[in-house]
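The two complexes that follow have chain A in common; it is paired with chain B in the first and with chain C in the second.
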Partner chain A sequence: MPNEGKLAYLLFEYSIIAGVLLGIFYAFLSMGLNLIFGVQKIINLAHGDMVMLGGFGAWELYYTYHVNPILAVVIVIPFTVALGLALYYLLIPRLSGATDMETLSLVLFFGVSQVIEALTTLGLGNNERNLPINSIPSHPIHVLGQAFAAEAWVAAGVSLPLLALFFFYLYGTPLGRQTRAVMADSNEAAAVGIDSGRVSAISFGIGLALATSSGVMAIFVLGGVNPSEGPGLTIIAFAIVVFGSLGNPFGTLLGGVLFGIAYEAAQVYATSWSDLVPLVLVLGVILLKPQGLLGKRTRVV
Partner chain B sequence: MSEAELVVDGVSKYFGGFCALDAVSFEIRRGEALGLVGPNGSGKTTLLNVICGLYPPTKGQIFFRGFRIDGHKPHLIARAGINRTFQLAKPFKSLTVRENIDLALSHRKGDGASLDEILNLTNLTGMVGLEAGNLNAGQQKRLDLARAISLEPSVLFIDELGAGLNPVELNELAEILRKMQYGGRAIVVVEHLMGFLEKVVDHVLVLNAGREIFRGELRNALNDQDVKRVFLGDSIGH
Partner chain C sequence: MAKVPPRRLVSRFTRMVIDRSISWDLVGIVVPIAAFGLAPKFYSNELLLTYMMVYIVMAQGINISYGFTGYLPFGYVGFFGAGAYAGSLAVLDLHVPAILGVLIGGVGGLLVGSLLLPLFRLRGAYFAIGSLAAANALADIISNPSLTSITNGPYGINLASAYSSGEIYVSAMVLVGLSLAVVFYLRHSQFGLSLRAIKEDEYSASMAGVNVVKQRSIAWLMAATMAGMAGSIFGWATTVFYPSAVFDTSISVISIVFALFGGTGSLWGPTFGAIVLYSAYTAVGISNPQYFQLIYGVIIIALILFAPKGIVGVAKTTRARIFTRGKQVV
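And now, the complex of A and B:
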C-alpha cells in the first residue's frame, strides 16, 4: 500500500494527466464560441445547444445508420456549416442594423437556445441519450502506471487533430488571415477590400460546426446528452473563453487545458466543489486580469 | 480641366434626431490635395465614413468616376478605388507587416505598386517580418497608410494621420503624401495640425457642426472670420 506522500503524488499526477485530456476536449468545445465572438462580437448563447445537437446527431447516426461516433464527428461538420450559413443570413443582417447589436444578440441567441431545447424535447423527448461505451475503443489506457478512461483519450485524440486543422485554417490559409483581420477590426478589414459579411458568415458556420462536432464526443465525456444540457455547456465554454482571453484562439486552448486540470483537481481533492470551477475561473480572471490570460491591455495610437 | 474623380453632392447624415452632416458638397480631381478641417465633432470623420460606405447617407448622392456609389458596401468601394486611413490606426496586430499589406494586395484589381515599392514609399522596408503589434505609433500609422495605398486608390482619405507623431515623423509623412499626390492620386487630408496641412494641401473645406463654413485656399481660411470664430472663440472672431 503506498504511503500518504506517494498517494498524494499519484493523485496529483492523475489530476494533471486526466485534466490535460479533458482540457483538450473542452478547448475544442469552446473554440466555436470564441470564433463567433471574435469575428462578430456577439456571444452565442445557443452554443451549448449546438453541442447538445451534435450529441443527438451522433446518437441518431449510430442507432439509425450504424455510423461509428468517431466518423460522426466528421459527418456533422458539413451539415452544421450549412445550417450555420442559413441561420447567419436569416438572423445576423437584421441585427447588424441595430444600434445596440451586442445586447440584442444576447436576447436573440437566448431565444434561439430556448427554441432548440424546446424543439429537441418535442421531437426526441427529454430522456438522456447515450451510446454504448464499446462504440468507441473502450479499454483503459495506462500511463505512468495509472489507468485513464478510454473515452477521455478518444475525446482528446479526436479533438486535437481537429483543433490543429482549425489553427491551420486560421493561420495558414488566405481565408483564415481574412478571418483574423475581421476579428481585429471589421472596418479596417473592409478598407483592405475584405468582404466582412462573407467572412462572418463562413466563421459562423465553422463556429457552429466546431460546437456540434465536439458534441459527438460530449456524449461520452459527459456520460450522455439531454435537451436541457445546452445552457450549462454554454456557461463552461464562456468561462474558458473569458479565462483565456475573449477572441484569442490560443487563449481558448490554454483556458481549456487549465480548466480541465482545475476541474480534475477539484474532482480529486474536493469533489462536491468541482461544478464551481468555471465560475471561480471567470470571477478570478475578471478580478485579477480582466483581459484574460493571454489578453493584452489595449493601446491605441 | 479633367473630370472630377469624386463628387459629393448635398450629403446629409442623421443619427436619430442628431444632424452630423448637413448638405455637404465638394468634388476632387486627380492630383489635387484637399484639407478637411474642423473642430472635434464637426463631422469630418462622419463624412469619410459615409463616402467610404460605413454609413449610408440620409440625403444626397456620391459619385465616383460618374458612377453612384452611396449605399454600396465598404469593401466594394475600397476595391473600386476610394480608400482611407483611420484616425486610430489599428493594423491587424497578430499579422506581420507583409501579411497586412498582402491582404490588401490580394484584393487589388489590375496592376500597381509592388510590395517592395509600397514598403519603400512608406519607409517600412526591413520590417516586413515584424508583427504589426510590435511596431511603434509612427510605424503603425505608416502601415495603415501602406495598406490603404496597396489597393491603388485614385482617391485617398487620410484621417488625422499626424496626431501623436513627433516633428520628424510628421515631415516624413508629409513627404510621402506629396509623392502620392504627384503620382496622380486625389488626396483628402483630415487634420487638426495646420503646420502639417500647409505642407500637404493648398485648398481646404472647413466644417462646423456638420455644415460647410469655408471653402478655398488654406491661407485665406486662416484669415476668415467664421473659421477664426469656430477655432478660437467669439472674442477673437469679432
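And now, the complex of A and C:
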C-alpha cells in the first residue's frame, strides 16, 4: 500500500495526464468558435448546439448505417459545412447593415440556439443517448502504472490530427492565408482583392464543422448526448477561447489544455464543485485578463 | 391679426408632443394596474395572473438594462433566483412575514447585482456570457449538496406555511406599478436621458459630463432589485420549488423575448409583449414546452432580422408612414 505522499503524487500525476488528454479534445471543441469570431467578430452562441447536433448525427449514423463513430467524426464535416453556408447566406447579409451588429448578432444566434435545441428535442425526444463503449477501442490504457479510460485517449487521438489539419489549412493553403488576412483586417483584405464575404461564409461553415465533428467524441467524453447540453458547452468553449485570446488559434490550444488540467484537478480534489470550474474560469479570465494569455492588445468584442 | 412667430410655434408644438408622450406613458402605468385589479373578477386563475405580472416586471427589468444601457444580461435569471432564495430563506429561517420576505428578495437581487458590478467593465458578448456564467455559478453554489444545511441544496424550498393568495396578488400588482414607475422615470428624467446618451456613445456622454460608471451601475442595480423581488414573489406564489426552477435560463430567455417583442426603450412595449405572449403561452397550453422554445427562438430571429425595435417600433413607423403620406419625412 502506497504511503500518503506517494498517493498524493499519483493523484497529481493522474490529473495532469488526464487533463492534457481532455484539454486537447476541448481545444478541438472550442476552435470553431474562435474561427468564426476571428473572421466575423461574431460570437456564435449556437456553438454548443452544433456540438450536440454532431453527437446526434453520430448516433444516427451508428444505429441506422452502422458507421463507426471514429469515421463519423469525418462524415459529419461536409454536411455541416453545407448547413453552415446555408445559415450564413440566410442570416448574415440582413444583419450586416445594422448599427448595433455585435449585440444583435449575439441575440440572433441565441435565437438560433433555442431553435436548434427545441427542434432536436421535438424530433428526437428529451432523453440522453449513448453509444456503446465498445464501438471505439475501449481497453483501458496504462501509462506510468496508472490506468486511463480509453475514450480519453481516443478523443485526444482523433482531435489531434484534425487540429493539425485545421492548422495546415489556416497556415499552409491559399484560402487559409486569405482567412487570416480577413481576421487581421477585413477592410485591408478587401483592398487587396480578397472576397471577404466568401471567406467569411467558408469560415462559418468550417467553424460549425469543427463543432459537430468534436460532438461525435463528446458522446464518449461527456458520457452521452442530450438536446439541452448546448448552452453549457458554449460557455466552456467561450471560457477556453477567451482564456487563450480571442482570434488566436494557438491560444485556444493552450486554453483547452489548461482547462482540461483545471477540470481534472477539480474532479480529483473537490468532486462536487468541479462543474463550477468553467464558470469560475470564464468569470476570472474576462474580469482579470480579458485579452487572454496570448493577447498582445485588448480586443473588445 | 397678430402673427405668431414661427419659432414659438415650433417650440409649442414640440412641447405638446412631449406632453403627449408623458400622458401616453402615464396611461401605460394606470391601465395595466387597473386591468390587473379587475382581472380576478373575470378570470379565476390568480396564479397565472400573478405569473404574468412577474414576467411583466422581468421584461421591464430587461428593458431597463438593455433598452436604456444597451447591456443584455443572458444571466438575468440569476437575480430572480437569488431573490427567490433570499426571500424564502428569510421567511423560513428568520420567520419574517412573507411581504417583508419580498423586500429581502429585492435586497438579495441588489447584493448579487453589486457583486456583479465588475462585469460592467465588459461589453457585448463578454458581458452577456459573463452574466450567464455568473448566474449558472450561483445556481451551482446554491444547489450544491455540500450546502444542504443552509440552502437545502438540490432539494428545494417549501413555503406552504406562508401562502396567502390575496397578499401575493397585491404584492405583484405593487411590484408591477413600481417597475412601470421606474421605467417612466427613466423615460422622462435627466437621469434616463443620460443613460440613453451613454448607450448611444459612451465617450461623448462622458465628455458632456455624464458619470458613465455611476449612472449605468444605478440602472443595473434597479433592474437587479426588481428581478429579486419578482423572484421572491414567484417563489411565494409557487410555494414548492427547486433551484433548477428559479435558476432556469429559460426565464431569462422568456423575459428577453417579451421585452424585444414589445420593443425596448418604450414603456408600453415590454408590458404589451409580456401580456400578449404569456396569454398565448397559457391559452395554447403548456403540454410541451419545446413548442414554445421553438416559437420563442423563431420570434427572436425574426425580430432581429426584421423588426429590431419590436411591435412598438413597427407601430411607430406605420403611423409615421400613414400621417406623412406624400410629405417629405425629415
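Everything that follows uses one rule, which is that the second predicted complex is superposed on the first by the 296 of 301 C-alpha atoms of A that agree within 3 Å, B and C clash if a C-alpha of one lies under 4 Å from a C-alpha of the other, contacts with A are read in each partner's own complex, and residues count from 1 in each chain.
In this text, a contact is a pair of C-beta atoms (placed from the backbone, for glycine too) under 8 Å apart; a residue touches a chain by one contact, two chains touch by 3 or more.
In this text, all values refer to a predicted model and were calculated from it rather than measured experimentally.
Undergrad: Answer with first, second, both or neither: which of chain B and chain C does A:Asp185 touch in the superposed model?
TA: A:Asp185 contacts chain B only, not chain C.
Undergrad: Once the shared chain is lined up, is A:Gly223 touching chain B (first), chain C (second), both, or neither of them?
TA: neither
Undergrad: Please work out whether A:Gly197 is in contact with chain B alone, chain C alone, both, or neither, and reply first, second, both or neither.
TA: first
Undergrad: Check whether A:Leu91 is in contact with chain B, with chain C, with both or with neither, and answer first, second, both or neither.
TA: Touch partner of A:Leu91: chain C, not chain B.
Undergrad: A:Ala118 in the overlay: touching chain B, chain C, both, or neither? Say first, second, both or neither.
TA: Second partner only, chain C.
Undergrad: Counting residues of chain A in contact, which comes out ahead: chain B or chain C?
TA: After superposing on chain A, more of chain A is contacted by C.
Undergrad: Looking at the overlay, what does A:Val242 touch: chain B (first), chain C (second), both, or neither?
TA: In the superposition, A:Val242 touches chain C alone.
Undergrad: Could you give the residue numbers on chain A that contact chain B in one complex and chain C in the other?
TA: 300-301
Undergrad: Going by the contact rule set out above, which residues of chain A touch chain C in the complex?
TA: 43, 45, 91, 94-95, 98, 100, 102-104, 106-108, 110-119, 121-122, 126, 231-232, 234-235, 238-239, 242, 272-273, 275-276, 278-280, 282-283, 286-287, 290, 300-301
Undergrad: Any idea which chain C residues touch chain A in the complex?
TA: 70, 72, 74, 118-119, 121-126, 128-130, 132-134, 136-137, 140-141, 144-146, 249, 253, 256, 260, 288, 290-291, 293-294, 296-301, 304-305, 308
Undergrad: Along chain B, where are the residues that touch chain A in the complex?
TA: 52-54, 73-75, 78-79, 83-84, 86, 88-95, 99-100, 102-104, 106-108, 133, 137, 140-141, 147-148, 150-151, 164
Undergrad: For chain A, which residues are in contact with chain B within the complex?
TA: Going through chain A, the ones touching chain B are 174, 177-178, 180-181, 184-185, 187-197, 296, 300-301.
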